[in-house]
Amino acid sequence: MEALTGILMASLFHAATLFLLTAGLQLTFGVMRVVNLACGTLFALGAYAGVSAVHWALSRGVPVELFPLVLLLAGIMVGLIGIPLERLLRTAYKRPEAFQLLLTFALVLILQDGLRLIWGADPQQTPNVATALGSVTVFGTVVASYTLIVIGLAIAIAVGLGGFLERTQAGKILRATAENREASAAMGVNVPRTYMLVFTIGTMLSTAGGALIVPTSAASLQMGVELVVEAFAVVVIGGLGSMKGAAFAAVLVCLIRSVALSTFPEMEILAIYIVVVAVLMARPSGLFGKRYA
Amino acid sequence: MKNPTMPAVEHALPATTRPPRKAWPVVLHVCALGLLLAGPYALDPFYVSLAIPFMAYAIVLLGFNLLFGYGGLLSFGAGLFVAIGAYCCAALTRLGGGVAFEGMLSVAILTAIAIAVPLAVVTCRFTGIFFGMLTLSFGMLFHSFLMKFYIITGGETGLLVAQPTLLGMKFAQMDRMQFLTGPFYFYCTVLLTVAYLAMRKIVDSPYGLHLMASRDNDVKATYLGVRVQRVRAVAFVIAAVYGSVGGAILGVNTGLADPELAYWTHSGHIVFMAVLGGYQEFVGPIVGALVFTLLQDQLQSWTQYWRLWMGVVLAVIVVAAPGGLAGTARKLFDRSSKS
Amino acid sequence: MTAPQQLLLARGVTHCYGGFRALSNVDLSLAQGELVSVVGPNGAGKTTLVHTLTGYLRPTHGSVEFLGRSIAGEDAVVLTARGLARSFQLVNVFPELTVQAALSVGAVSHLKIGNRLVSAIDRNQKVQEIVIQIAEAFGLVEVLEKTCNLLPHGKRKLLDVACAFTLHPRVILLDEPTAGVSSADKHSVMETLLAAAQRMGIGAILLIEHDMDLVRRYSSRIVAMRGGEKIADMPPDEFFSSDEVLGVVLGKQVQQS
């Protein structure tokens, strides 16, 4: 039971950050029909920024208990890079889909080396802060409070984002723009500004996700390119453009991973892809997606 | 009724518009071949050795562009088959004995077909983003397989590829560099020529026409009797074969089957080459392979942050010159021939 | 005298998109030598009808027979091989291909050489013969070397229909072939189509049209639809002398400019 809870908690933590990463991807895709290959690199950027922010904060005497806030702020602030990035992507909106994808690949190349330039090639880690907030016993297992905070935060963001999109006026405008760019523009929606806003929020979600993961994982260059694969598995299973799908699939993917790791470690990625292919054969639009493929 | 798949790059001429049969394209091709054959005699051995990866990638890209430029399907998993080619060579090396390159090529081709056929069935139901994501994922699946099962695959360090015999000849009197810049170079030139001519025939064939029709308007193509999924799947398998041949050449050239060949960023570089050269022209991808190889080499000698500059080049192309080098050249040529 | 052969027979065709009933119990027959026009306001289900008749959609209820055989479960590719072709309302043709290439697509299918990987298509006599024949019939010979997306709208519509003709079909369904064509040209377009159909030996034509002039002049029978239902099926004289039918159909008609 203890081992199981431990695995579950670790999975949910990983799923929480993965959800944030893919929520960013979904948002960007849902409104702009662009799949951002650089989402993983942005996640890594958030992670690096988080590490630096924590080091800086601690050296300035900020109490260690505030580190989650430091991480979150760092993640959100560095997400502002979305503004110039969207500007760049804007030049390719008229180009075919393939080109937009390629432009985001160009971003991967540029940003990955950018990360190396600023932070160097070695993985970066925060000092041991994961346990600074103490721990809680859940079903007989000791779990770091930080883990629960992040899970809670991800749930709050998921619910908040979902609520925003479904219930508020602004959210409805966003969804309308996703469905029909021209019609929305014709009705007075400032489409360029909407895209800027959406892309930046999407970027912030990804960078925030990265920042939140650093107490338990080091920030590394590989992170950026490896996570793209997991993110894609999540969007395919959950459905492109669906927040609910991202949340559900993130949990599913992480659970499958954990189960595989503790039973047949070699099957880790294979297990995920078997599910991906199965979902694609049975329901190509994903478990929650609208018909797109 | 929606007509999906890739719309055109503005003002770029399609690959199907061929000028009436004149002498000069043939002359150009002969000159290019001549230059290629003269390489080992005229160039510095370093550049000759660079020409081999160029030829390998040229072959990979000819196949890639059948799927992309002519079929409208952007694959982010071309690296999968390049890796398969290299690892087939390594597998034969493991089995020992004097391995023939012809044997390596045959195994690479057959393995590529065996893997591409089921993959084509799964992936060719999709287009656009989904196709890209799926192919990316399958490439990474293979990469992860290569890393996890390191006992047989050599994991991160890869597997050795021994120098093979060419047409039964061993060339034992040569050192490695002499072998590569001599007999192997010419062998690859022949392979590239054959691959080029074969692909030329394929795109000019009735099948090629049906493939292009499916790219431009899959609904109308269906109503004109084109089995859209099938033509795409065939293109996928052909691209896979070309990819593995290129991979085999790379494997022998570096003496190593490297798992990074299957990584999605490597596949991204392949797409980069196609777009750099111009995916809407037949020779475009080859031009792209050449320029990319030279550019990468130059940048690497200047800075360790060469990927950043490559990214900038790619961004500039996407934004300003989507027709790539060949596409832009054709635009300029047309403009000057009109004035 | 034997009854004219029913080339296309739809019985009780119903199609529902989820909860929405696009077609309700539609019966339609098309005999050898007939040109049947299908008229009705936008949203009447005309295009959905064409989809079900050509195998693009499966009717929720009812059956469709082509040349005496049911088309159930057969896809568009199989049906084109059997001799059923269609043109499209919204025309895109093949943007990147030349007119010559576009016309060759159907010709290749007709000659069943689509799986040939290595023979050059522009040196294939049979394909080029079909291309020239159709191009002449449709007045497209001068634009053979032009890329489809550079063609003016009228020529593009002609090309769309011409492509369908390259299949040498028995029956052809034309979905608004004169939409977007100026009134002055509509008649010449129809004349071209019909002359080509004669030359190619096409058995019957199903025409979806908004222009009542054309309908009156060229149809052997007129089928009127509204709200997914067939509300009339009669020869033009009867149709145009029935105020009741005209009122119901024209009352809601959007006249194509």
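Order as written gives the chain letters A, B and C; numbering starts at 1 within each chain.
Here is the rule we go by: a residue touches a chain if its C-beta (ideal position, glycine included) is under 8 Å from a C-beta of that chain, and two chains touch if they have at least 3 such contacts.
The shown structure was predicted, so the numbers you read here are calculated from the model rather than taken from an experiment.
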Longest centre-to-centre distance from chain B, chain (CA-based): C
Chain with minimal offset from the mean of all protein Cα atoms: B
Separation of mean Cα positions, chain C and chain B [Å, integer]: 42
Between chain B and chain A, distance of the C-alpha-averaged centres to the nearest whole Å: 33
Separation of chain A from chain C, taking each centre as the mean of its C-alpha atoms, in whole Å: 49
Chain B: positions in contact with at least two other chains: 7-8
Residues within chain C bordering two or more other chains: none
Sites on chain A at which at least two other chains make contact: none
Residues of chain B touching chain C in the complex: 1, 3, 7-8, 13-17, 198, 201-202, 204-210, 212-213, 215-217, 219-227, 231, 280
Footprint of chain B on chain C - complex, ascending: 54, 75-77, 80-81, 85-86, 88-90, 92-98, 101-102, 104-106, 108-110, 113-122, 124, 127, 145, 147, 149, 160, 163-164, 166-167
Of all residues in chain B, those that touch chain A in their complex: 6-9, 68, 74, 76, 122, 125-126, 128-130, 132-134, 136-138, 140-141, 144-145, 148-149, 263-265, 268, 271-272, 275, 305-308, 310-312, 314-315, 318-319, 322
Residue ranges of chain A in contact with chain B within the complex: 35, 37, 88, 91-92, 95-99, 101-103, 105-114, 116-117, 225, 228-229, 232-233, 235-236, 240, 265-266, 268-270, 273, 276-277, 280-281, 284, 292-293
